[in-house]
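One structure is given below, represented as structure tokens, and several questions about it will come after.
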Amino acid sequence: MSFNTFGKLFRFTTWGESHGPAIGCIIDGCPPLIQVKEQDIQKELDKRKPGQSKFTTQRKESDKVQILSGVFEGKTTGTPISLIIYNEDMRSKDYKNIKDKFRPGHADFTYFKKYGIRDYRGGGRSSARETAARVAAGAIAKKVLQKKLGKKFRISAAVTQLGILGCDTTKWNDKIIYKNPFFCPDNSMLKTWEKYLLSIRKAGSSCGAIIEVRAKGIPTGLGAPIYSKLDADIASAMMSINAVKGVNIGSGMNSAQLSGEENSDEISLNKKKLKFNSNNAGGILGGISSGQEIIVSFAVKPTSSILKSRKTINKFGKNTSISVRGRHDPCVGIRAVPIGEAMLSCVLLDHYLMNKAQCN
Amino acid sequence: MSFNTFGKLFRFTTWGESHGPAIGCIIDGCPPLIQVKEQDIQKELDKRKPGQSKFTTQRKESDKVQILSGVFEGKTTGTPISLIIYNEDMRSKDYKNIKDKFRPGHADFTYFKKYGIRDYRGGGRSSARETAARVAAGAIAKKVLQKKLGKKFRISAAVTQLGILGCDTTKWNDKIIYKNPFFCPDNSMLKTWEKYLLSIRKAGSSCGAIIEVRAKGIPTGLGAPIYSKLDADIASAMMSINAVKGVNIGSGMNSAQLSGEENSDEISLNKKKLKFNSNNAGGILGGISSGQEIIVSFAVKPTSSILKSRKTINKFGKNTSISVRGRHDPCVGIRAVPIGEAMLSCVLLDHYLMNKAQCN
Amino acid sequence: MSFNTFGKLFRFTTWGESHGPAIGCIIDGCPPLIQVKEQDIQKELDKRKPGQSKFTTQRKESDKVQILSGVFEGKTTGTPISLIIYNEDMRSKDYKNIKDKFRPGHADFTYFKKYGIRDYRGGGRSSARETAARVAAGAIAKKVLQKKLGKKFRISAAVTQLGILGCDTTKWNDKIIYKNPFFCPDNSMLKTWEKYLLSIRKAGSSCGAIIEVRAKGIPTGLGAPIYSKLDADIASAMMSINAVKGVNIGSGMNSAQLSGEENSDEISLNKKKLKFNSNNAGGILGGISSGQEIIVSFAVKPTSSILKSRKTINKFGKNTSISVRGRHDPCVGIRAVPIGEAMLSCVLLDHYLMNKAQCN
Amino acid sequence: MSFNTFGKLFRFTTWGESHGPAIGCIIDGCPPLIQVKEQDIQKELDKRKPGQSKFTTQRKESDKVQILSGVFEGKTTGTPISLIIYNEDMRSKDYKNIKDKFRPGHADFTYFKKYGIRDYRGGGRSSARETAARVAAGAIAKKVLQKKLGKKFRISAAVTQLGILGCDTTKWNDKIIYKNPFFCPDNSMLKTWEKYLLSIRKAGSSCGAIIEVRAKGIPTGLGAPIYSKLDADIASAMMSINAVKGVNIGSGMNSAQLSGEENSDEISLNKKKLKFNSNNAGGILGGISSGQEIIVSFAVKPTSSILKSRKTINKFGKNTSISVRGRHDPCVGIRAVPIGEAMLSCVLLDHYLMNKAQCN
């Protein structure tokens, strides 16, 4: 069971509401003797921190993380690591006027129907604020992978499609991603994307995005068929991110249109080095990593909280309309980039440990 | 942990290899007092049975299921239900010539690298034959859902894209799906698809497919945020099916291209009846069912075992080539239709039980 | 997997070290709409609080609990409940002189061997301080059970044997338990026990104890055969408490000496009321509650940290000796009383929810 | 969740009823490349086979096990191992006269109340027949442990108390255990026990027993605090065996009566060899193995199915009496010996794998 826990051997449990006193997570199953500093986690958190550009929510959160347990004299001890981030800029009053209304496209309606109660302030538990806790967990997963897999290991993520505009992924440049407000890997698209997103913001609308996550240096053999296939766990991880509606591994949905000979990645050996002629599989065959780069992408739907007026009902069963004025991202997809990176790190570490248990 | 087990409260564990003596599954957590006959399961199994048309593998399997436990005097007792299907038409010799080669696009290479050993006969455990066991489990899930949700509950699945050819899903007709060899829901496409698939078969090639699964009559409130969101569990379920590379909920990957106002499904009440103006969400908001129809689709890559010669290596580390002559489906996606139906049934029942535990 | 998580549907995860900044727990799967105040939890925590009598450790901890999430406007929301207790009286220097030595009978040696590192301050994670977090979780479980089972539900625990001295359990009086420093249910033994424990304390020694936990008003049908039998889960729960070495259900170890006719509890109906003539089964048959009172007992070994000098080795592999001067309970078993109560509450609620899911 | 599944990384799921067509189990998570033959499993099954002496049930079962999957060319492949044992001597008619009555001390009443239906033939799922499936799983766990831990590893179990008669465990002799009908390790007690058990059988009564299980050659570091402590998992494992009512680790319940200095096992080094001066801890400190011999004991209550007439009720709510004539063991505890051995093997392997994942 895993309502608020993710993972099997490397497990994290997140807690906290958007406008409660704090959010946080507990990491259980982390190997001991890994060097972890608050700064390692902070670095990752800063990537998804709100208020960094005009294209993300203006909520001001320093998102300072504290380690409360599990690290002793700078090293993990193998016991649970408790991380806490206090909430700061909680303008709960922004939500008073929508407390009885269900925002279309939001979890408001379903949370209320399921639990019979909901913390309406900022979406409560359903807020994307929860993802800060995952990014913190992912930062620790990354530290472990770096130690276990060495320098070959490399993970990165970027927005590869902003609304209707794609980018050229063959121009992928890790170094620019977190240096532009769209987390775009292709320098040549920055201007176009900026213009596009400004127009959307101005219109009080929003757009969706596609995020791609890539991991290099992953050993062959990670993945536990049949129901903990590496790709099945990745799909679950990505789909658990707020607003995600689709997940692709390698060629993904597009593989339906390929022929058998186009799709199957030919294998050859050149000077004892294994080579695949293509990577439609996204680095995963039969649910197990093949040693190729792991390639995952997922779609984030457009922000549902928009200025434009939308028809809805309230909790008293009356028809009404809503226009959300709070502080919102015109494209929530952008901040999903470090989250995708964190989730993939966690899944990979989890499978690394599982494989170590059963097969090495 | 769940290497070969799927589900949380309604759990099934599958076992068996393509060319071993039998395959089967154990269902644990099934509610008691549900009427189940072997015939109920057989009916579903017959849908994915090989050898039914020239478009599916010519392997002859009667796929007769036997109930070995958990049903007493025609009713489930709440104890584990053990189902067994003996393998019959096992031409293992077909595989002798490829026993040391890794078929590109197959799990051959990764299983061997992970475990250091593999049952090469027909793909062993990685064979799609395993899915018969899931269909059997799904048949029981369906019986339980029918009893618990009543007549409103309805689940169906179909191929909505065959290779490069789509169909018109507004013409969806449940009644024709299992009466045509492509499990197509749109009568108008049958001729075109037949011609297309014949040409692919003749060329010794294969094609992919997109399968869509729909469920009606699902109550509001199923889904357990954050990491057992209904959509996260569905994504994991579908991605665990052999050859699946992408999963969409509702508008799926396409939602990246929608604007906020196009995407968010407006809500209204008409004579006390709740109405959503659209269903981009695929019936799931914040990981919880909204009461709308659940809509899921997934892409199945083209069959990797093809006649056309492909470059590969063998287990001795030599370059070689391969051409697979066995009995294979030109489009494995077709037989994934009842599997998708089964997996969704299992996920829905699982969440129905979880919701019953926590919230009702 | 459950390194630091207990439970299946009602799950809590504890974290924190004896001398770190704080300890706490996350409760996941709690039903919504349960009224919970910090005071409800504090009341239970105060029972196990150190420093309340001369027979328990003199460490001063106010053990003030704070609710950080999952409760909104006084009611649970169905989302994770995060509880935190800050550590206060951390005299870490008390432990400097034993930081390299392994205390016999302690987890020092095994933690160091397993993890290659240990937080030696007060036992770190292996300290009984962790149990405060469980008591907090148990307080919430109790609130849920009270709402779900109504007034019939009653749980209580007591020390029934202090070292070599038993008490008369037929004189069990709930009201006096938390009013005497030994948490003894039998008024007639208080004087004798006081004299006995004073002599042990004076000698710089310690003694063990047996704790009995009883629960009334438990419905028939809780328990999930075979491997989540109610008694199997209770045994696991109790054995997970620090220093526990044995667990009995009903007649327990003593049942080996009974004859078949003495042991099997005869059943009869009197005016439509079911009656068992005895309760050797401790309220559990075939792993399922029978409707009788649940009776569990467990043995807590004597405190291993004693003044008397003991032979041991240090982490450099040298023979040495140790005498522990810190603040310790002469009988740790006493403070295990509220812990046993908390653990049984959690197991019962967990099975209540599981039974609701599968069978009601 | 684990209704009928035991274990975390090495998991087995059992299925089947006493008088159904077969029983069996699926083992998931077994490491690959372990040599396993049906004969390895059969050898263990033969130890608990009924009908081997006049002191065990006269039901005739050859209990022939078949491997249906997961083993290829004599070696495990890392995929699920399915084992089946067909039932043979099913005299269901023996149970007709008790089909509506609840046998006191049995699971009859609770199964019926929980599920609303029960397979009354021979106890159905609650029959001790289920334990054959565990013994089969344990046989495989033992093979893995033998390969991983080498020759130092040794596990054995025996009856150390038969009803009111103990034996001298310092005279423990592995070689005689399965050569006497009481699975007694002390040669000097055989005559006395025989006389005693004959008298009980003659009286139509039954007696309980205490079984002790010992494991040598277990490395330091197995066990996952806090809630998967090695002893907590052992307690759960043993308590899940039919008719078990108490579990001790090392000095167990008796440790309550020891003083701190008697109880804590002193440690010393002699020529670089670690030595504990005693083993009250039963080889486990803080939930982690210390490298000492693991010592576990558990009590099995007397057989509830006895000839002597007992008061009970039937399912129509009427008072009645019952006298069970079927084929029953005068002391079911005896056949629990190989079961205890199997369960401990499974727990140890499970923790061996968990430790490998997190700590090595």
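So that you can tell them apart, the chains are marked A, B, C and D in the order they are listed, and the count of residues begins at 1 in each.
Keep this in mind: contacts are C-beta pairs under 8 Å (C-beta built on N, C-alpha and C of every residue); 3 or more make two chains touch, one makes a residue touch a chain.
Remember, it's a predicted structure, so these values are computed and weren't measured experimentally.
Most remote chain with respect to subunit A, judged by CA-atom centres, is D. The greater number of contacting C-beta pairs, out of the two interfaces A-B and A-C, is seen for A-B. Both copies, subunit A and subunit D, contribute mostly matching positions to the interface they share, with over half of the numbers common to the two.
Distance between chain centres (mean CA atoms), subunit A to subunit C: 39 Å. Averaged Cα coordinates give subunit A a centre that lies 46 Å from the centre of subunit D. Spacing of subunit A relative to subunit B, judged by their CA centroids, is 26 angstrom.
In subunit A, the residues that reach two or more other chains under the touch definition are 1, 3-5, 8-9, 14, 29, 32, 78-79, 114-116, 125, 225, 354, 359.
Interface residues of subunit D facing subunit A in the complex, by the touch rule stated above, are 1, 9, 29-32, 78-79, 225, 353-354, 356-360.
Note for the complex: subunit A touches subunit B at residues 1-6, 8, 14, 102-107, 109-111, 113-116, 125-126, 130, 161, 163-164, 200, 205-210, 220-221, 223-229, 231-240, 242, 244-269, 272, 274, 277, 280-282, 284-291, 299-304, 306, 308, 310-313, 317-319, 333, 354-355, 359. Here subunit C touches subunit A in the complex through residues 1, 3-5, 8-9, 11, 13-17, 20-24, 26, 28-29, 32-33, 66, 68-70, 72, 75, 77-82, 84, 114-119, 124-125, going by the rule given at the top.
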